[in-house]
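The structure under discussion is supplied below as structure tokens; questions concerning it will follow.
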Amino acid sequence: MSVSKKSKYMNPYLAGVLLGLVVIAANFISGRSVGASGAIKSAVVAGVETVAPAHAESAKFYKEFSEGHEGSPLNSWLVYQMLGVLVGGFVSGVISQRLTWKVEHNPKIKSRTRLIFALTGGILFGIGSQFGRGCTSGSALSGMAVLSLGGFISMMAIFGTAFALAWFFRKLWI
Amino acid sequence: MGPLVINEIISENTNLLLAFFIGIGFGFVLEQAGFSSSRKLAGVFYGYDAVVLKVFFTGAITAMLGLLFLSLFGVLDLNLVYVNETFLVSAILGGVVMGAGFIMGGYCPGTSFCGAAIGKIDAMIFIVGLFLGVFIFAEGYPLWENMYKATFLGSPRISEFFGISEGIFTFMVILAAVLMFWGAEWAEKKFPREEY
Amino acid sequence: MKNFELTPRKLISIVLLSLGLIIAAVPKNTTTPYKLSAEQILDEIKSGTQYMEPEQVAQMLVEKDPYLQLIDIRPVNEYEQFSLPGAVSIPRDNLLSPEYTEIFDQDVKLNVFYGNGTTQANEAWMLLRQLGYQNIYVLQGGLNYWAEAILNPTPPSNLSSNDELARYDFRKGASQALGGGTGLAAGNDQAASASKGKVPAPKPAGKKKKVAGGCS
């Protein structure tokens, strides 16, 4: 069969090339590559510093963070980048008419189940991204781009584990 | 000569502004590729949609090649570019936990922002989970601080670590990726599904 | 001949493999680029900002200023015969050796090069400055002038200006503190008077900052 199926999404290889160009631009301009989980970390630290400053001064995690970053935690490269991601994603959604409020889930499960697992997945990803010092964007993709050993290891661990566990969670998806 | 901000060709504030624009490009491409859909993202693990594999590897390889070529033409100084550090135990542990989070949640932080941007409620809940997860890590930090900082290997490049040149390593990754692309398209034909 | 359809996958694979072959075959660009243009270097040469007067260095030594790093550019045997306090030996011919990169590539300490005269120290300054390192300085006059000015300062005549007299006082004090020449009465007040005529020392220039990256 030689007809490629019509897709409402961009060709993945083309998207990949564009993604690579974004990473190149980030490295060329800022000497660092894209990321995501770091912005969450900054936001959490900023939140704790505002709500419970005494705790933020004494607890090790927040102390180490403020020692490494001067000024407000939110005034960081990643935070601005993630704000841009929201805008970019939104614009793309508008252009491709994909804006929609919905809980996307496999029809075989309930929407509530999906949300519970989304929350759990998020919590695990939040914890894991701290240990991994990055997520699939910041560690795996960006790490690979600069040939970082740590990035490569991260990527293998993430995808390897997900593949290994896929069978157990298949009901969520297929 | 890049990187621009390190060679002080642009200011730090310009850098932050450009970060915003880079983010726009990043988010736009991810959403255009369909990464705003958790069902598409999870598809690679079940064979029916290998978009993650195609986009991720094409992206990583394009970036690798691009950076190496820019360095070759003297336009970018790779010594000044950030290379992720390698904390062996922590990286593996983090990767495993993230892998579990990925297969359960169907998102990763970057893609969840894309999903949330177009109104996917499950993506938004995922983001709430992210905040909680980071907070849990932060509060429990004394418990695992030692593990977090264990086995620091510096910031080696893979090519240095294995003693091969960067170009050759890149070529090996390309070969592996091409093989995976072939495998992926075979799987997609074998497990067809309507598009999400 | 079979129909070869150029799907995106085949196209991307061909492109990536070809580029990959090129990048694998071409040797890496290991030349460190010169960071300053020729005009910039000439400007610095003309303004002579790289020189540090012996008095400035003497003052920093007397005050045990932690920001001073003296570097002896002469052959090792000369260094071992006599060297300035706290100086490290980096013979001119070994300047590009990677073990010294740390010393040059920082923005905290002032690296002051000295030789017997100024020629070799200037050579080091030119080379390292073009590689983009900052905080590189040259001891004006080298050790020859140092011996003359600091270790054995010549008393000015009675008709000299106040400046010259002050300078002589300073030099005497510094000389005593640094173990030079004539035996003056030892004591802390000598060192104190040396630091009275404060000569402003140059401040280290900021270095290119290293980025934080990843997700932190």
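Should a chain be cited, it is by its letter among A, B and C, assigned in written order, with residues numbered from 1 in that chain.
Following the convention adopted for this analysis, contacts are C-beta pairs under 8 Å (C-beta built on N, C-alpha and C of every residue); 3 or more make two chains touch, one makes a residue touch a chain.
What you are looking at is a predicted structure, and each value in this text was computed from that prediction instead of being measured.
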{"item": "Chain separated most widely from chain A, comparing mean CA positions", "value": "C"}
{"item": "Chain closest to the middle [Cα centroid of all protein chains]", "value": "B"}
{"item": "Inter-chain pair with the most contacting C-beta pairs", "value": "A-B"}
{"item": "Whole-Å gap separating chain B and chain C, where each centre is the average of the chain's CA atoms", "value": "41"}
{"item": "Separation of mean Cα positions, chain B and chain A [Å, integer]", "value": "8"}
{"item": "Whole-Å gap between the CA centroids of chain A and chain C", "value": "44"}
{"item": "Junction residues of chain A - those touching two or more other chains", "value": "13, 16-17, 30-33, 35-37, 39, 41, 78, 129, 133-135, 137-139, 142-143"}
{"item": "Set of chain B residues in contact with two or more other chains", "value": "3, 5-6, 54, 58, 61-62, 65, 80-85, 166, 170"}
{"item": "Junction residues of chain C - those touching two or more other chains", "value": "9, 12, 211-214"}
{"item": "Chain A partner contacts - residues on chain C that touch it in the complex", "value": "3, 5, 7-9, 11-12, 211-216"}
{"item": "Contacting residues of chain C [partner chain B, same complex]", "value": "9, 12-13, 16-17, 19-21, 23-26, 28-29, 31, 33, 35, 208-214"}
{"item": "Of chain B, residues touching chain C in the complex", "value": "1, 3, 5-8, 54, 58, 61-62, 65, 68-69, 71-74, 77, 80-85, 165-168, 170-171, 174-175, 177-178, 181-182, 185"}
{"item": "Interface residues, chain A side, partner chain C - complex", "value": "2, 4, 11, 13-14, 16-17, 30-33, 35-39, 41, 68-69, 78, 129, 133-135, 137-139, 142-143"}
{"item": "Residue ranges of chain A touching chain B (in the complex, touch as defined)", "value": "5, 7-10, 12-13, 15-37, 39-41, 43-45, 48, 59-62, 75, 77-78, 80-93, 96, 98-106, 114-115, 117-166, 169-170, 172-174"}
